[in-house]
Amino acid sequence: MNLWTDPINFIAHWLMALLTSWGLAEWLANFLIQLIGVVVLVSMMMLIDILLVWVERKVVARFQDRLGPNRVGPFGIIQPFADIIKLLIKEDITPDGADRVVYNLAPILSLMSVLLLWAIVPLAPVIFGVDLNVGALYIIATGAIGALSIIMAAWSSNNKYALIGAFRQVAVMVSFEVPMIATMLIPTILASSMSMGVIVHSQNVWYVVIAPLAAIIFMITAIAELGRSPFDMNEAESEIVAGFHIEYTGMKFGLFYAGELMHAFTFGGFWAILFFGGYRLFGLENLGPIVAAGILLAKALLGYWVIMWVKYTMMRIRIDNMLSFSWKFLTPLAFVLLMATALMNAILRGASSGIYIAGMFLTNVVIGWIVIEILRRESKRSRVMIEKPIHRAVARP
Amino acid sequence: MIPLSWYLTLSAALFSIGLFGVLSRKNAVAILLGIELMLNSVNINLVSFWRYGDITQMAGQVFSIIVFAVAAAEVAVGLALVISVYRRRNTVIADEIDMMKW
Amino acid sequence: MTIMQIIFLVVGAVILGSALMVVTTGNLIHAALWLIVTLFGVAVLYALLNASFLAVVQIVIYIGAIAILFIFAVMLTRKEMRDRGPQLNSAWWLSAIIALLTFGGLIWILQSWGDFARLPADFPTGFDAVGLLGNALVSPDAFVLPFEVASVLLLAALVGAVYVAFNRK
Amino acid sequence: MTIELLIWLIPLPPILAFFLIVLFTNRNKALSHSVAIGAAFLSWLGGMIVFVRALGFHELGKEPFISSINWIPTADTWLKIGVLVDPLSAVVLFFVAWTVLMIFLYSVGYHNFGQPVGDHDQPGLPPQGATLDEHGHKHMVPSIEPMYSRFFAFISLFAFGMLTLVLSDNLLTLFAGWEIMGLCSYLLIGFWYAKPAARAAAVKAFMTTRIGDVFMLLGIVYVYSATGTLSFREIFQPQVLHTLATVPTPILGLSAAGLIGLLLFIGTVGKSAQFPLHVWLPDAMEGPTPVSAMIHAATMVSAGVYMVIRMFPLLSLDPRTMTIVAFIGAFTALFAATIAVAQNDIKRVLAYSTISQLGYMIAALGSGAYVAAAFHLVTHAFFKALLFLGSGSVIHGMEHGVLHTGEHVDAQDMFNMGGLRKKMPITFWTFLIGGFALSGFPVLTAGFWSKDEILASTFNGHIAVFITLALAAFLTAFYTMRQITLTFLGELRTKAADNAQETPWTMTVPLLVLSVFAVGAGWVGIPEWFSGGLIPDWFHEFVGSSLAVIPPAIPFNLIPLLTSLIVALGGLLIGWLVYRGIQTAKQDFLQIPVLKNKWYMDEIYNFLFIKPSYWFAETFVYKWMDKGLIDGILHLVGKVTADIGSTIRTYFDLPVINRFFGDGTGWLIKWTGLNLRPIQSGRIQQYMLASLLILLLIAGLFYYLLVMGIIR
């Protein structure tokens, strides 16, 4: 075992030897090493986060046909640091009648819920925080904490707009979690495990080929969970000034902001892990863990780019349309997909991999076609209804 | 190695605290909170019995999952009741909801 | 005093303390938030008991759904932000006595049980509890019936909640 | 798919069809009947596959297709449900599948599918016909049944019951199917529930069969308590049978086996309308004709016989039981036949003939002729279903004529028909085949072989039974010919008959199919001596093999053969000669009251059971006990007490009680109530508090007592 093939464990052993030679108790040393690992991981992520600010601003500028930050440093790459300084020196206002503890706790929770996700991300075969055997559920769990932080922020800042935003956001989260879980279960079925490591490891063929629809749905639900446009009901600037973080200033707002970017990036990463083979890229990952990690981060960046693309090219959807979109369209579709996948998986289990993949893909194609048909009919009918609406009494239970 | 007694004591304490909440809180929502505490203590017992008994027998975990389901159902219905009561009587104080007397 | 025990004691203290806050704090939102702390502690306990699946499910269901539902309910059933006046009813001391009695009685009966202080058999490595649980939940000679009944119960609760809370105006 | 799984699946489609129709498709008539027929077809397909596999598989009697699963946990064992196909149930399954499918098909035509909706039809009444306005002149045509889908739902449920019963491998599921069919027959007899007659008939059928069922349930319970199992295979273990045969019972010295057999047999008496409990079957003809054909000829009444045949190893243990069975059967055969000769309603004749034929089977079984009984069961199912459907077709044709002419005649009275052979040829020929089969027309028809086998097997041993059955056979041939002559031959007696017309293909096709079986079903059982051993008696070997020891073939004997030839041909001939000339009911010398009124059975029952219970309730309990005795005493007591009371009131009550105690108590109670009122505060938490407090106290008390050892 050398630094190249297995850096983390290498360093860990070295540290272990060092600390024990200093006469630390076994478990204490172990604990310390774990702690150091966590700190390193988190700070790395925060570093990436800072870069993400720059990326985001550049990309949005390009989308809006601007130059974007280009003054501070080459290509304005130092811009984020300037932003941070600005945020830090801003006045930190706490609104009157706010619930101080909760108010200050919320942004931390918000960022924490994102960073927690990275505990289960397998950056490389040998670089991962912990390989939970219930990884998929873990993602949802942390998402729950995120929703919690939003509610806390909104309620504690004693502001109607904030509360409305939080209500919307939580409604969205709760309703989009359902199809998200369902789509996460599809890779789970295919890999017959919830552990991210196993899922990545068993993707000799990327699951996006085997379950393309699932990948798409996952992306949509992910964007909704993030509360980014077109699903940014929680901070619809034009309606409720900035939603749940309306009252936050300075670094607290900065935490929310960083959390959002990080969240987007993380979901890009999970998209890659669940459907695009994680750190695997045609055997390149065998060059070494560092390369593998690089591959994963690159893929995550691509997913993040897709999210930004959607964000800056689509306009906001009304809340009720959005919820009905989740409940009446995504959820049924996701469950149909789930059942179909399970069924085909059981049927094609014995078959050769070629047939297996072809069958799965065809199933998806067929389902997708049917869905498109239904949508076409539906939209036609709704158009007719808009042209000459039928006045019927509102249904009462 | 943690002895079973710790878990049982903890859950008993949690149960009693929940009981206290149920009996003494004014606000109906708070009463439901107390009930949640009691359910959780029950779950702790179930899981710890699973762990300290024969771990190949899944009954403990299965029943705690069923308790999850029951808790979810109970909260949904209970809060719905509270909300509709609030709509009609404009209060959620358990003591003020006393139409059923005399 | 192993590290496990230390963790347990810390978590237990957190659980009990936050539970006490839940039932005593005057601010309902805080009560709900304290409940979340309690639930989180319970999840950690599950993790200590090697029931990882339950731990995660605890967070997903309780914190992700139930607690948030509570906060909603609290927000929906009030006019102003703070609750005024005492949150405990007049007979709270009696309730406290009863709670204490219950606790004492439980412990008293438990400690007379032979296996009260038994130690766990150490957990076999690579023991797939989740798989077993899944099989137990769906295999006909195990718990599929209770499981299905629970699902039916959930459905009924769903419909009932919608019906009860529906605003007829 | 293993054969066992297939057997499991056979009864499924009808029940699914039932729920489908009841829940979803009952608005759409066409969909409903296609669902029902589709289900029947699936069951038929499965049945045929199983049957063919059963044929192909020798040693079926030794190890039949059997599979069973646990159903209800009892203390330490399970009540199992399962399926069993041995030779017996294979053949029964065969004819059940066929008849059911045919009758489903027939019902479409019978309920006038495709005809317009009636002018003033309403649910619960038979369709009254619709006025059709064809270019100017109006005329009446049959109208579609208002409760069309409902009918198909019911018969689907019925088919499920029958298949369950046939395929079940234990008494429990058999009984379940049995009761499902009882329910269905109630629903279907009372299908036109707005007709009082139909209502009464339904109730009568239900009550009468219920009597039998109760005894049967007793028998089943007895079996379970005696052997601890209900599965046929386990009951028929030699040692179990032996114990059953040896254990004595308090009741008239029968052995346990004998008593169980008797109880179960009473169930059969109720279900397949044997002598004391036969009264419901003729009235059941109030239901639609397919129902009569399916329930009261082909399947349900056969179920009773099937059950006793199934329990034959148990039954045959006790000679006394066998004798009772044999004589009840023989008597019923003759008795019903005598009634049948005097009926004018075309369906009632068939009903009584059904009773008598069932009597045949019971008698054969009672005299130990296992195979003969099963054989007659099969053949009879086919030709009796055929006859019923034929009569239904005749009635349908007549109704068409009645509607067309508007002439008010009973469409079921044979004296209003006559000469219909020209009007409805297909019905005529198929009916003729069925009739000849029923009367046992020699060599060709199925009835001959089965009946002859029965006669032959009763001849050695039970000579009395033999004679009775021979007489019954003669009467059978006689009334069959009477029916055919009155209905089809001679000239047209009414305008309605003149305007009768052939029924649609949905009704004629089943007739044709069934007539094929009515002829062919007999040939599988031709005894060895007839063909000189060229054709083996396949049926005998096949079905016989389901017994532990295959019964020996009946030795050839001239007398029974001659008898059956004579009675059959003679009956037919005489029937024709007599009724050739008769045109109206007046000329019919057999219309003597005692036969017309079915030996006054209903009146006797009325007198024996119904009147007495009425009298008991009305006169004895109400008039004498209540009014006379009790009220008298009460009045006396009342009078005396009133006097005493008034005195006491004036001198004691008013001053002491009222003033002091009365008002005092009132005041006290009011005071108490006022002071206790706060306890019921309507505050849930206080209630909880109190209850918990008391709970804790009680718990502590009990714990204390336990520790003290005062209670243990």
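Labels for the chains are A, B, C and D, by order of writing; each one numbers its residues from 1.
One rule holds for everything that comes next: a contact is a pair of C-beta atoms (placed from the backbone, for glycine too) under 8 Å apart; a residue touches a chain by one contact, two chains touch by 3 or more.
Source: prediction; values computed, not measured.
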item: Neighbouring chains common to subunit A and subunit B, by label; value: C
item: Centre-to-centre distance between subunit C and subunit A (centres being mean Cα positions), rounded to whole Å; value: 28
item: Inter-centroid spacing, subunit D versus subunit A (mean Cα positions, whole Å); value: 68
item: Subunit C-subunit D separation of Cα centroids, rounded to whole Å; value: 59
item: Centroid distance [mean C-alpha coordinates] between subunit C and subunit B, Å; value: 6
item: Subunit B residues counted as touching two or more neighbouring chains; value: 19, 23-24, 94-95
item: Subunit C residues counted as touching two or more neighbouring chains; value: 53, 57, 65, 72, 89, 91, 94-95, 98, 102, 162
item: Multi-chain contact residues (two or more partners), subunit D; value: 685, 689, 692
item: Pairwise chain contacts, counting only pairs that touch as defined; value: A-C, B-C, B-D, C-D
item: Subunit A-facing residues of subunit C, complex; value: 3, 27, 29-30, 33, 36, 52-53, 56-57, 59-60, 63-65, 67-68, 71-72, 75, 81, 128, 130, 162-163, 166, 168
item: Of subunit D, residues touching subunit B in the complex; value: 677, 680-685, 688-689, 692
item: Subunit B residues within the subunit C interface of the complex; value: 1-10, 12-21, 23-27, 29-30, 32-34, 36-37, 40, 43-44, 47-48, 50-52, 55-56, 58-59, 61-66, 68-77, 79-84, 86-87, 92, 94-95
item: Contact set on subunit A toward subunit C in their complex; value: 27, 31, 97, 99, 102, 132-134, 137-138, 140-141, 143-145, 147-148, 151-152, 155, 158, 163, 167, 170, 174, 177, 194, 396-397
item: Complex interface listing, subunit D residues touching subunit C; value: 685-686, 689, 692-693, 696, 699-700, 703
